[in-house]
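Structure first, commentary second.
Read from first to last, the chains carry the letters A, B, C and D; within each, the first residue is number 1.
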Amino acid sequence: MKKLNIGLIGYGFMGRTHSNAYRQVSQFFDLEYQPVMKAVCGRTEDRVKAFADNWGWQSYETDWRKLIERDDIDAVDITTPNNSHCEIAKAAAEKGKMVLCEKPLALNPEQGEEMVKIVEDKGLANMVWYNYRFVPAVTLAKNLIDDDKLGKIFHYRANFLQDWTISPDLPQGGEGLWRLDAEAAGSGVTGDLLAHCIDTAIWLNGPITTVTAMTETFIKERKHNLTGEVQKVNIDDACAFLARFANGSLAIFESTRYARGHKALYTFEINGENASISWDLHDLQRLSYFDYRDESATRGWRSIHVTDSDHPYMDKWWVPGLNIGYEHTFIHGIAGFLKSLEEGQKPMHPSFRDALQTQYICDAVLKSGVSKQWEEVSGV
Amino acid sequence: MKKLNIGLIGYGFMGRTHSNAYRQVSQFFDLEYQPVMKAVCGRTEDRVKAFADNWGWQSYETDWRKLIERDDIDAVDITTPNNSHCEIAKAAAEKGKMVLCEKPLALNPEQGEEMVKIVEDKGLANMVWYNYRFVPAVTLAKNLIDDDKLGKIFHYRANFLQDWTISPDLPQGGEGLWRLDAEAAGSGVTGDLLAHCIDTAIWLNGPITTVTAMTETFIKERKHNLTGEVQKVNIDDACAFLARFANGSLAIFESTRYARGHKALYTFEINGENASISWDLHDLQRLSYFDYRDESATRGWRSIHVTDSDHPYMDKWWVPGLNIGYEHTFIHGIAGFLKSLEEGQKPMHPSFRDALQTQYICDAVLKSGVSKQWEEVSGV
Amino acid sequence: MKKLNIGLIGYGFMGRTHSNAYRQVSQFFDLEYQPVMKAVCGRTEDRVKAFADNWGWQSYETDWRKLIERDDIDAVDITTPNNSHCEIAKAAAEKGKMVLCEKPLALNPEQGEEMVKIVEDKGLANMVWYNYRFVPAVTLAKNLIDDDKLGKIFHYRANFLQDWTISPDLPQGGEGLWRLDAEAAGSGVTGDLLAHCIDTAIWLNGPITTVTAMTETFIKERKHNLTGEVQKVNIDDACAFLARFANGSLAIFESTRYARGHKALYTFEINGENASISWDLHDLQRLSYFDYRDESATRGWRSIHVTDSDHPYMDKWWVPGLNIGYEHTFIHGIAGFLKSLEEGQKPMHPSFRDALQTQYICDAVLKSGVSKQWEEVSGV
Amino acid sequence: MKKLNIGLIGYGFMGRTHSNAYRQVSQFFDLEYQPVMKAVCGRTEDRVKAFADNWGWQSYETDWRKLIERDDIDAVDITTPNNSHCEIAKAAAEKGKMVLCEKPLALNPEQGEEMVKIVEDKGLANMVWYNYRFVPAVTLAKNLIDDDKLGKIFHYRANFLQDWTISPDLPQGGEGLWRLDAEAAGSGVTGDLLAHCIDTAIWLNGPITTVTAMTETFIKERKHNLTGEVQKVNIDDACAFLARFANGSLAIFESTRYARGHKALYTFEINGENASISWDLHDLQRLSYFDYRDESATRGWRSIHVTDSDHPYMDKWWVPGLNIGYEHTFIHGIAGFLKSLEEGQKPMHPSFRDALQTQYICDAVLKSGVSKQWEEVSGV
């Protein structure tokens, strides 16, 4: 058993999901490497200490620069707001640390390119936490596509719909709300939600080449919790775009935080010549599958309850019929990363490079929202 | 084209569905026989006249005995309350008329036996309107079973749940409410609703041999609209029973008019060694089908939208994806009856004899509700 | 009772649905006017005669010009391919006939404008058969919006997905296939399917002001059944567009005939400040409704089985829980038209003028598919 | 923070779920007591040692009698086969240990009564792991009933359907299969699956007074893995029963391991005068709720995605829209038990006494399966 000493930066919502993943992975996955929860870092000492105590982090730091300098840290995990990813990742890589980074990779493609360059130049293991790839039903979708069950792909559509910012009384920015602050987040739903849809899409269906987008900020001004003042809202509340994939298929993507009735409804559907697939996060354990090659009279969408032991990841958990949840995607993610460190394993995906592709697409989408033109995706 | 002159007795809810079926069948089905809406009979002249005018019945009668004596009537269709089925059917048969009778066949097995005897002795075409057999999805279920897709059957379960009699203010009996009057209806949910479930069950899964039942009348007294007085309620508001089929499978059946939230939720499910089937009336166009022989990773319940041209009856209607409704089951029923009259065709099912089997089972169920014992089904 | 003499032109799929509607409406709706199936017109005599016999048309014509000249025709109903709508409608109006026209109104806005002008100048009753407005669940959606249950609208999304043209062996044009022939149809999914989505959308959510679209023809050449030659396919197999409504809401629309697993999946969803609505044609009897004002713990999407007697149109049919189907939308449509003829009634919708709005939007969509720019919608 | 030293007996499937619960509870629940994973006990040393290492148990034993004698153990948790529950529980209680016991409580009511007596006589904290009470959606159902949202209850129905024993090649008994061995398990689906349904039912709807049951063993002989011989199967493969609750409502219950297509489909539905509730384990995060008091036109079954922070337990986990899974029910269970130890807290439910009620009902059910009579439930 080899130990991998982890240093976690940030202890918000993602700090919790990652901490839980580190605590859980070794009980369920049989791996050569075992993560050690060495240190967590946050700026407010009493809170980061309490967090460390609760989750079993062996120590804590209040300055991330200290953390990355510690010799007893092998891998740095970044869960801070998006505007700090690049700086921290580069500094950590400079010290020779492996880097795991929350999504989106960076604020923009330029930052992303720098991040990719340094981890690749230094040959450092790296990963970006696009966790939805690791939902068993989503991985099953990937397997079905890789087995060419679908044939030529004609259509891809994905949504990420939420409804938690409809009230004009909600402030922008501040405690637990940095995702609403353009400075910290870089963008609104595009980087936060569509980035997930795009990561899955290019994993399942290959590169996107061109996009045309429409963005909107429904509530133009909100109180900013950090400044205390009513300020212009600079994030996109909603974004929809049309796209074309390199394989000739067409796509529509949409995300919003103003879709009353949807809490976190990430859905996608893929239509191929021979079969189609659809999935949604609210019922994450199910995959819908239609196969035209089924006998005509009994052809129909199959609702696959992805809990059998021959379904992806499910041999690690309970018995058929019994669900796992959201947090397990992070456990699967870190399991994959640890596995990739074993001798002879392939590198982990999604890597920084993979996530950079998503960054290029987000960038083209945001650009198109302003230019009102079709935009080519860079880096394809 | 041969004409079949129809005389309809009764012009309530079922009088409407049958009239509609007679009006519609020839436009959609290519048959040797065409029904002619010769006469309708009801006791209240102005109302039966208005009904005849509305639906295109060529004449009307106010005494059913007159109707069955008319030489220009080939077939008598009975839609009056249950307590009149036997008398009318026997009299019509005596005159040599074909007889179509609403379900349940009769008030009890004795009446049913007499009815079967006379139509069979006289060789008269006959049918009972258990219309749910003719839902395309239900017929598809029958076809799948006949093709032995399911293998050995282990379980059958069926419900018929309604919620329209929960209010204690609802009267029993009277205009439009004879189903709540034990004298007219014979029983409550057992004859009205479970009879449907039983008819489908024995059609799909063969004879039922023994039953044990529980019946309940939740509201013990209601105003009777005919007498104007508050009287004891003699119908069963709810009935559930366990049963065994001759083929070794087990069954549970339940019906009630006190299931808040269900308007007319007739559902059934059959579990076989290799495959299972389920259906419900609220979404009547769909059949759910699970086939264990599907590839393991993509096995799931298929939701079959039974609207393709190779699905039962659907080549007569529109195009794939477009639904038909409740009333079409009656059109399919009369189409089947007319077809059975063509030379060399097999007799129509469900016949009086088929419906008598259901009568025996209902009888055993009601008897068991009182005896609180398992009861053998007669006539098996 | 007043008679309205109908002359139907065309006896294909829509000829059937309209004939059925004329045959059925008077039995279920109590109206001052009763349609009389006076004459049907088609070019092939033996076939139009057989059609007339089957449906009860009193006479037939083989030249539509003759039909519109007949004094015994009050209203002309056009179900021929799209490229003949304008000529026939104008000629009929010229003779002072009321005009009912299948959708889309015309091949282009110019034709549509001429058609609107003449029926309005002459004060002739008119209607376009956008039948999905008359699905009870869709009308219920309209009522909920008119009652302001949703509050400010943020999002509209609609799809019309089919899968019947995926095979490259399917010919374009010819018997039953004029929808695949650009000359006859004008466009592909845009005019055939998206036109439905657009009509519903502007009825529910008001004018659309700008669009940006993407169109695709997946199979570039097909055999043309009329010429017998392999020819370039000129229709759009798929079309998706982004749009903005005048009320500030955002929309995405998509249609294709290459969505494996979907037969005729017309769906829409509307997200408002207080409530959301969704519907799909495969389960047309249900409306999904989410109301944020429900008590927090029990808030959820409600699946409304739109079959109660206080639901739109449903008092005309059966009892709660029992479904109607696709064909009923046409019966409701003609009932509405007949009602509009009664003294003091409001004009029928969708009128030619309403349908012209849809035509403008389709035109902007097709134009944007070529220009790859956002296009303003004319006539708003 | 107070420590509670746990000794776990058994390390099979339930040993895993409990170990996980002990490892997780303190990170998510803020409680006075923290469980300490002191010792685990199993008969095969290398395996129990590996189990202890994997899950973080501080020590292990190979003889349960040793474990219960250890002074450093406060609470004994029993996850061994059913036929050992009574002996171990009594011995542990004799030593003054708190006892947590897997369900069903015992092999029969006599054993159960002894177990209740000793823990109550000695005033020891106790609990039985009927974990499905702790599904957030099920707890929400309980809350709705306690708030009297449903009004008078008319009907209860529950199923627990599986399909994993259909193959005749499956052995009875042995490694991982003691549930199929009547000697170890006591009964088949009745104790294993229906016990869950019954526990929930009496929690939600009060005492059951009488039952009539039907049991079946479809495959009469199977190879026994312990003896190596083909032997008579003594467990019930399927069991269905009718029941009456003390509150006047009627019930049907069914369980089987021969329902092709269902992995672990535990479902229940309750119909009350004003509202109804339904739930199923395959989609455990959702509760269906119908409220008749909703406005008529928009009344429908609500699909509640039970993931909001004001839903039971969900404030401990992630954010709205994100699912938890099966294993979390055990975490909630132990959290409840630990909470009950805090000063002034009410005792934990389900207690041994609660579970004894379920035992009485199972006993009456099994007795009725043999007697073929209605049986009174003891102890009510």
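Assorted remarks:
In this text, a contact is a pair of C-beta atoms (placed from the backbone, for glycine too) under 8 Å apart; a residue touches a chain by one contact, two chains touch by 3 or more.
Note that this is a predicted model, so its numbers are computed, not measured.
Of all chains, the one whose CA centroid is most distant from that of subunit D is C.
If you compare C-D with A-C, the chain pair joined by more contacting C-beta pairs is A-C. Computed from the mean C-alpha positions, the centre of subunit C lies at a distance of 55 Å from the centre of subunit D.
Annotation: 36 Å between the Cα-based centres of subunit B and subunit C. With centres defined as mean CA coordinates, subunit C is found 42 Å away from subunit A. Residues of subunit A in contact with at least two other chains: 262, 286, 301, 305, 308.
Residue ranges on subunit B touching subunit A, taken from their complex, read 140, 143-144, 149, 286-287, 289, 291, 294, 296-305, 308, 310-311.
The part of subunit D that touches subunit B in the complex is made up of residues 154-155, 157, 161, 163, 166, 212-214, 216, 218, 238, 240-242, 244, 248, 250, 252, 254, 256, 258-262, 271-276, 290, 292, 301, 372-374. Taken in their complex, subunit B has these residues touching subunit C: 13, 17, 19-20, 23-24, 26-27, 54-56, 162, 164, 262-265, 281-286, 305, 307-308, 317-328.
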